[in-house]
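A, B, C and D are the chain letters, set down in written order, and residue numbers restart from 1 in every chain.
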Amino acid sequence: MLDKNGIAKRIAQELEDGWYVNLGIGIPTLVANYIPDGIDVTFQSENGLLGMGPFPTEDQVDADLINAGKQTITTRPGSVFFDSSTSFGMIRAGKVQLTVLGAMEVDQNGDIANWKIPGKMVKGMGGAMDLVASAENIIVAMMHTNKAGESKLLEKCTLPLTGVNCITKVVTNLALLEVKDGAFVLKERALGVTVDEIKEATAGKLIIEGEIPEMKL
Amino acid sequence: MINKVVANAEEAIEGIESGMTLMLGGFGLCGIPEKCIAALAAKPEIKDLTCISNNAGVDDFGLGFLLKNKQIKKMISSYVGENDEFERQMLSGELEVELTPQGTLAEKCRAGGAGIPAFFTPAGYGTEIAEGKEVREYNGKKYILEESFVSDFSIVKAWKGDTKGNLIFKATARNFNPIMAMAGTITIAEVEELVEAGELDPNEIHTPGIFVHRIFEGKNYEKRIEQRTVRG
Amino acid sequence: MLDKNGIAKRIAQELEDGWYVNLGIGIPTLVANYIPDGIDVTFQSENGLLGMGPFPTEDQVDADLINAGKQTITTRPGSVFFDSSTSFGMIRAGKVQLTVLGAMEVDQNGDIANWKIPGKMVKGMGGAMDLVASAENIIVAMMHTNKAGESKLLEKCTLPLTGVNCITKVVTNLALLEVKDGAFVLKERALGVTVDEIKEATAGKLIIEGEIPEMKL
Amino acid sequence: MINKVVANAEEAIEGIESGMTLMLGGFGLCGIPEKCIAALAAKPEIKDLTCISNNAGVDDFGLGFLLKNKQIKKMISSYVGENDEFERQMLSGELEVELTPQGTLAEKCRAGGAGIPAFFTPAGYGTEIAEGKEVREYNGKKYILEESFVSDFSIVKAWKGDTKGNLIFKATARNFNPIMAMAGTITIAEVEELVEAGELDPNEIHTPGIFVHRIFEGKNYEKRIEQRTVRG
């Protein structure tokens, strides 16, 4: 079973040299801590920055330099600032190679729900709807089940959708799955997790072909 | 000769009336026009405003001041957390909220400021955002038709400006400011440093002065940080 | 009767302090030479410049600094460069207060034709269609008649249109006319030109109300 | 590690094939990618190109080289004068020409590069440009629906660039370059001065490097002037 850092670490293995990547708030943010050696990845922050660096030291803090989570940050050499329409221009045009997002639910058709729970205070979708409607490569990082122990990998999302047919992969505390042809295809098990446990925790259609290897972190 | 320079925020906001639509730049509290917001809060008789702004401030800063005064009738934003008074007014039905995907919000401002009344975007297709909107397919992908925004007044904050209204923004404080400046019937810019025309490099200006009608230098910017995050 | 410079001079009197102005190629360009004292006008060049100055001296010539007529130019203090989409953004959004254009024909409905003669080599409309479709205040600067002596102020344009219902004023070698409610309204006569001469040279509906004053240049 | 820097124009244009759609920056001869155009002209086997460019060069410079070689099947431009060979090929039917209002051309590139497949614009309403296009009224004004452009390769010219592909343009040589850079499936930038990542001020960059896939420093730019106009 993986913790949040483990999920981030596994997703980081998907990164390829030269990619531009947008990381959502929560677990996705942690991915930046595990970039494999020898590859160069540029992080996009949709509030108007390419080339996001780590958090600042006390004396580097600049109120005019924040990420999409409104946290103070720094830049890396070769970074660039731009306005919000240019930022979402590059997102919509598919220039960002990978988007990593959290989710409340995903389903076997690649639909995702992560912005609204009816009856609860709705804070808004921020840039999530633009990101999921635009990116060709979207990985969801989340726990396999919710606090009540119910599966978050469904046949059909029950919550209001953020986007449709858009999720390509899901990495949870239990497994790595691809979303393909109306099903979750199990690709890897987390350390010490059995296929039966994953079956148990997955409500949507699950495809298990051959031996499922354990993740290497 | 016409002079775009005004003395202060009070003078800059002259003509803003109840019921108008305002655009306000900023992302969270970064790059918000804090002087003009304070000046508006000092005139609580200006009410029923529709505010187009990516966020709605916090309880004791930014648009939170206008919310506390109940000067805002409707917010058009992409994300509105971090504000208890906002939540209270929204749940009680006092405040109307139109949530718009952030990229669509940005493009609606940019399009309005570029004379484009409507455009197709993929964001929100298949979701409740698309309800009642026209859907069209291009190259096998579905898009929805969105109409653009213009404001009665756009209020932006820049780092440097000149007497012709040319603006330069700093770092991620740029965000929605340049595109909202484009979309204002009247655009007000507050800047940290106001210089004479000719002192800014014409190659380095982000917002051409043609989009800016009033400009002034604000003093003692607070620039509050919402999520001060540092490493050890 | 006015020459080209006279037409430009009369149009320059229409300028107001603080206006942004786009001048087309030909007679319109000359308007920049006659800006009234005490007013400040900023010229927009649609290839990406606000704050166009006069032609350069030999040593100021810069291949990277041209106007929409591809001529080398200079800038004034407070000028700014931008890309072509921003340039036409400000034009379409109505931020340019006055556009001055040449024309082959205009008609009493405010339609204009100035880009194409069927059967002749067509060079293109450049930015003219965007300008006439966008500006609220468009003055046409042209000769009242063509080389064959035929009126260029028509009931209906015969050449392919550049834009419809868009012209607000016409200044010719003979007169200043407003285009209003489907007619040319005669406002001023050029020096030494009679109302009858203007009637004679105008094919479209012409409205003449009261005494028509002579232009003051 | 991935390296966007290529040695020269020959290397930069690798992969451009007959039948492709290219965008080429520049206004007249100002800001055109003269090195890449020369490299393309040196490969006359690349034919049937569709070229999106505001203008078509002159007889002996810029796109005129490709026209002379009959490498261009179709031009999409707003203005195509100043070129005898162009006129000859067009009148004889060898060359297809699609004339587009300049602002519409610019917006089609910008929209394509921003993932917007179509938009409404007033330019051309009531003219032959609007024939067959959808008309819609917004706020009492008529607009036509235009579809955006993307290219197989966009070729742009900048003043300065860095190894990450970030670009800064000079004066009016900016023109169509930044928006065409956005709309390229592959975008090639030739620059007068190439520096290391980190040497350009991130606040002063016009084109973010994400839009640029290949970059090189060109030597000895001719920068021909079309209308050298001086005052006494």
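Note that in this section a contact is a pair of C-beta atoms (placed from the backbone, for glycine too) under 8 Å apart; a residue touches a chain by one contact, two chains touch by 3 or more.
This structure is a prediction, so every number in the text was calculated from the model and none was measured.
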item	value
Most distant chain from chain C by Cα centroid	A
Rounded Å distance between chain A and chain B, as computed from the means of their C-alpha atoms	29
Distance between the centres, which are taken as Cα means, of chain C and chain B, whole angstrom	36
Interchain centroid distance [CA atoms averaged], chain B/chain D, Å	33
Where chain B touches two or more other chains at once, by residue number	107, 110, 114-116, 121-122, 169-171, 202-203
In chain C, residues with contacts to at least two other chains	81-82, 85, 88-89, 91-92, 134
Contacting chain pairs - touch in the sense defined above	A-B, A-D, B-C, B-D, C-D
In the complex with chain D, residue positions of chain A that touch it	17-18, 20, 38-40, 42, 44, 50-51, 75, 77-82, 85-86, 88-96, 134
Contacting residues of chain C [partner chain D, same complex]	45-49, 54-58, 61-73, 81-85, 87-89, 91-92, 111, 121-130, 133-134, 160-165
Sites on chain D touched by chain A in the complex	1-2, 110, 112-116, 162-164, 166, 182-183, 196-198, 202-203, 205, 208-211
Footprint of chain D on chain B - complex, ascending	107, 111, 114-122, 136, 138-139, 141, 143, 147, 168-171, 202-204
Chain C-touching residues of chain D, taken from the complex the two chains share	27-31, 54, 77-81, 87, 90-91, 99, 101-107, 109-110, 121-129, 159, 169-179, 206, 223-231
